[in-house]
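What follows is a set of structures to go through.
Below, chain A partners chain B and then partners chain C, in two separate complexes.
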Partner chain A sequence: MTQLIQSLIDALSGGAVLGLAALGIGLVFGVVRLANFAHGELITASAYTLAFTWHLGWFVAVPLSIVSAVLLALLMEITTFSRLRTAGPATLLIASFGLSFLLQRVYELAFGNNVRTAPVAPALARSVEIGGLRIQLLSVTAVVVAVVLLVGLRLFLTRTTMGLQVQAAAADFTTARIVGVRAGRVIGVSFVLSAVLAAAVAFVLMAQTGAVNPTFGVSITILALVGAVIGGIDRLSGALAGGFLVGFASSMLSSWLPQSVVAFRDSYVFAAVILVLLLRPSGLFVTRATTERT
Partner chain B sequence: MIGFLRARLAPAWSLVGLLLLVWAVTLVASLLGSSMQLQAQYALVNLVIVVALFMFTGTSGVLSFGHVAFVAVGAWTTGLLTIEPALKESLLQDLFPFLVDLNADWRLAVLAGGLVGGIVAALVAPFLMRLNGLQAGIATFALLGVVNEILTFWSRIGPRSGQSMVGVPDVLGLQTTLFVALAAIVAVWLYQRSRSARLLRATREDGPAAPAVGINVTVHRILAFALSGIVAGVAGGLFALTNRVVQASQLNVELTFVTLAMLVLGGTLSLSGAVVGAIVFSALDILLVNLQGGITLGAYVVSIPQGTRPIVLGMILVLMLLFRPGGITGGRELAWPVGAPPLPGVPVSGRPPQVTDRQPQVAGRPPQVTITRPPA
Partner chain C sequence: MSTASGSPDPGAGLRVRDLRVSYRGVPAVRGVDLDVGAGEAVGLIGPNGAGKTSTMLAVMGVVRASGEVSVDGRAILGQAPERIVRHGVALVPEGRQIFGGLSVRDNLRLGGVGRRERAGYDEDLAWVRALFPILDEFADRQAGLLSGGQQQQLAIARALMSRPRVLLLDEPSLGLSPAAVDIVFDALREICRRGTAVLVVEQRAEFTVEFCDRTHVLHEGLLTLRLGRQDAHDADLLTRAYFGS
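Right, the complex of A and B next:
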């Protein structure tokens, strides 16, 4: 029983992290129809910043890591994606795939292939015991960070003019422009928001592992992208829920699969993904009304 | 008379010209020393993968990240069939007993690689081919993930995780690789002229209209996927015999990226694009590798820093997408060199063709059609 609760807590934090990553991808997708493979490189950029600046204190490192992700996101948007507005989603996907590959190689050239380590937030690695349960502070932090960001994002999207414009653009870009939403600004804001989410993911992952290498963000991005698509990448809530589900499921699988097959964990996740795509191509959490509109 | 000849020769030229091009480039490479020969051999293997990728993606317009999975399966099959049984027994202890004893001539092994690649593709196609656009891309990516993980970790069919299959015999040679690559080009060219491929191109050009005139999109996609799986499997066999070490980590996302970049560089929508893209990309790649090592030009040694190569290659893909999304060929086939009329069925308009599932925006609203159900 305790083992079950323990694995549930781990799975919650795993789901929270992937949910944040998927939400970051979903935010950009909603506005510019771009399934951004290079989201992982935003995570990596912020993780490197954390690793290099942590010794200056968290109050320097954390803001810097956010800034670095935001700058990189804006750079990607200005140099590449803004020039591909009229291209189809497949072209955008290939472009972001190329950008992701390119940035990984740039990291390799700049920081080397080996891992860079830094004790990011070592206090979080401790665990507390409550009634026989060993709860890692980090798991709690992951969930708390996710909840805080989600509430903040929700407030931003529903209570501010800019947020409403982002929502409008995500729902129907053409119509939003017709009624006076400034396209460039909204797209910029969505990239910035997705970068902030990427920085949060980087923080949690760095606190977990304490090491970063050039392909740090790749596997989580693939899983998050997959999660966003099966949840329904068209809607923010769908992307978030899908990401959470994939993270939750893969964490549960690694706790409960027998030792002999645990190496195949991702295969089960991917197989489930293909199944979901077949049954609900537009996403698990998408209602019929939204499917018909697109 | 000349017009007649031209009309007959022009379509054939799009094949013969390509074969001559590949042959000539390989010939030049073979004259530049033995290290260049090996690099050319790798380039030809990649060319076959790109041609396989084109066979599906170019014809159907559906993006596939999954073809390297069939390459991996083909390489695995060829590797297992060509490594000496005694060597397999000592190196791959967990292998299924029947796999230990299985051994075949390398020609047969490559064919078997193609067969297994085709079978795997045919098995998954009925599921994957129902999807479109982004979903299809993600699903093929998931396929690559599953296949790669199984090959990495399932030690009953290969090495233990993190290890590789060694001892693949050195039998292939540049010339044989060239012949197989030419054969692959011929096969895909023939497929492109088939009825099924024409219908599939129609579905690519206009998603909603094609089924409306009675084309079964899924069936033709499945056929294209399975056939291209065979070509990819053969490419895997060639890879195993060229690399002589088979390892799952070499047959993963990076190879997917490189081959996709080649296809995009040349132009997704024509066989010439696939071939030209593979040649140009490989030539550039080889040049950069040598530059990283330093090239002696008279009294000077020209060199570029280590690690620049993949960055340049990545930049080229992104720049190509930005400035010439149709690729080098822009979707055209190789044209008859002297004043030939354009080939029938090949887009020649100025608009660069794209692999896309978004419909062109039509100005104004389409006429509203209201269908009311008769009262029950």
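Right, the complex of A and C next:
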């Protein structure tokens, strides 16, 4: 029983991190119809910034890591995606693949192929014992960070005019422009929000592993994309829920699969994904009423 | 009736000259001239595929077009829709296109995004609430849960929140009950009285000709006829105008 509760707590943490990554991807997809594979490189940029600046103190490193992700996101949008505004989704996806591989090579040239290590937030590696349960502070932190960001994002989207414009653009971009929503500004905001979420993911992952390499953000981005798609990438709540579900399931499988097959964990996850997409092509959390309305 | 587009107040309101729209080389609008003066209601009727919606979308900047389009003398053709809104044009699109996942109140707030200035926002909001009381009653309801007629009222109210000088409506009566049509067109009369130029695309010929100050018949991308209110009950004329025979 204790082991089950502990693995549930770890799974909540894993789900929270992947949920944030999927939400970041879903935010940009909703507005620009771009499944941004290069989202992983935002996570990597943020992680490198943490690794290089952590010795200056968290109050310097964390804001810098957010700034680096935001600047890179805006650079991607300005140099690449804004020039492909009238291109189809396939072109955008291929462009984001290209950008992702290009940035991985840039990281390789700049920082080398080896991992860079830094003790990011070592205090979070400690565990506390509550009622016989050993709970890692990092797991709690991941969930708290996710909840705070989600509440903040929700407040932004529902209480501010700009947030409302992002929602409108995500629901129907053409109509949003017809009512006066400035396309460039809303797209920029969605990239910035996505970058902030990427920075949060980088922080939790760096606190977990303490090491970054040029492909640091790739695997979580693939899982997050998968999560966003099975949840319903068209809707922010769907992307978030899908990401959470995949993260939660991966973590539970890691805890409960026999040692002999645990290395094939992702195969089980992707098999489940294929099954879900066969049964619910629009996503698990997209209702028929929603698809009809949108 | 006459064959010219004509305008009682040239320069004010909406002015369209030689508007042309093509889709992959196939012409949809082939040189349309239109004038809608401040406070006027002008209709655009014609069969499916005549180019009515393309004309609206071209004026709004949603599709590429050539020619000249100006509002109160200021050229707007070729600009992005969000800029055209700020020049004083608002479109109520076909099918209403309200943001169904947002509340009625938030849809109205979004309508205000395209205003050139914040001043007068509260007064305009009070006016559209008075114009469409049902929106006040259902302010917190998810817009997608409203009936078709209520959604059309919301779509018009949302457009009005940008304080347009030119209001474009694409088939506002489509799919509405007779009672809802009356509410919508009573509101359009009031909107005209406030000095807004109104251009209405409709399928219902007799109704449109009777409602509007003048109505143009669009056929295969060309304006073929101009009708006045006196022509509203001339069934033969309307039939010939509509079907181009």
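Please note the rule applied: the second predicted complex is superposed on the first by the 292 of 294 C-alpha atoms of A that agree within 3 Å, B and C clash if a C-alpha of one lies under 4 Å from a C-alpha of the other, contacts with A are read in each partner's own complex, and residues count from 1 in each chain.
By our rule, a contact is a pair of C-beta atoms (placed from the backbone, for glycine too) under 8 Å apart; a residue touches a chain by one contact, two chains touch by 3 or more.
Predicted model only: the values in this text are computed from it and were never measured.
When the two complexes are overlaid, the chain among chain B and chain C that reaches more residues of chain A is B. With both structures placed on the common chain, the touch criterion links A:Ala263 to chain B but leaves chain C unconnected. When the shared chain is aligned, chain B comes close enough to touch A:Leu99, but chain C does not.
By the touch criterion stated above, A:Ala171 is placed in contact with chain C alone, chain B being left untouched.
Of the two partner chains placed by superposition, A:Ala207 touches none, neither chain B nor chain C.
When both complexes are overlaid on chain A, the residue A:Thr161 reaches chain C alone and has no touch with chain B.
Using the contact criterion defined above for the overlaid structures, shared-chain residue A:Ala183 touches chain C, although it does not reach chain B. The touching residues of chain C, when paired with chain A in their complex, are 60, 62, 80-82, 85-86, 90-91, 93, 97, 99-102, 106, 109-111, 113-115, 144, 158-159, 162. Put simply, chain B touches chain A in their complex at residues 61, 63, 127-128, 130-135, 137-139, 141-143, 145-146, 149-150, 152-154, 161, 253-254, 257, 260-261, 264, 305-308, 310-311, 314-315, 317-318, 321-322, 325, 354-358.
Residue ranges of chain A in contact with chain C, taken from their complex: 161, 164-165, 167-168, 171-172, 174-183, 290, 293-294. Chain A makes touch with chain B in their complex at residues 33, 35, 80, 83-84, 87-91, 93-95, 97-99, 101-102, 105-106, 108-109, 218, 222, 225-226, 229, 233, 263-264, 266-267, 270-271, 273-274, 277-278, 281-282.
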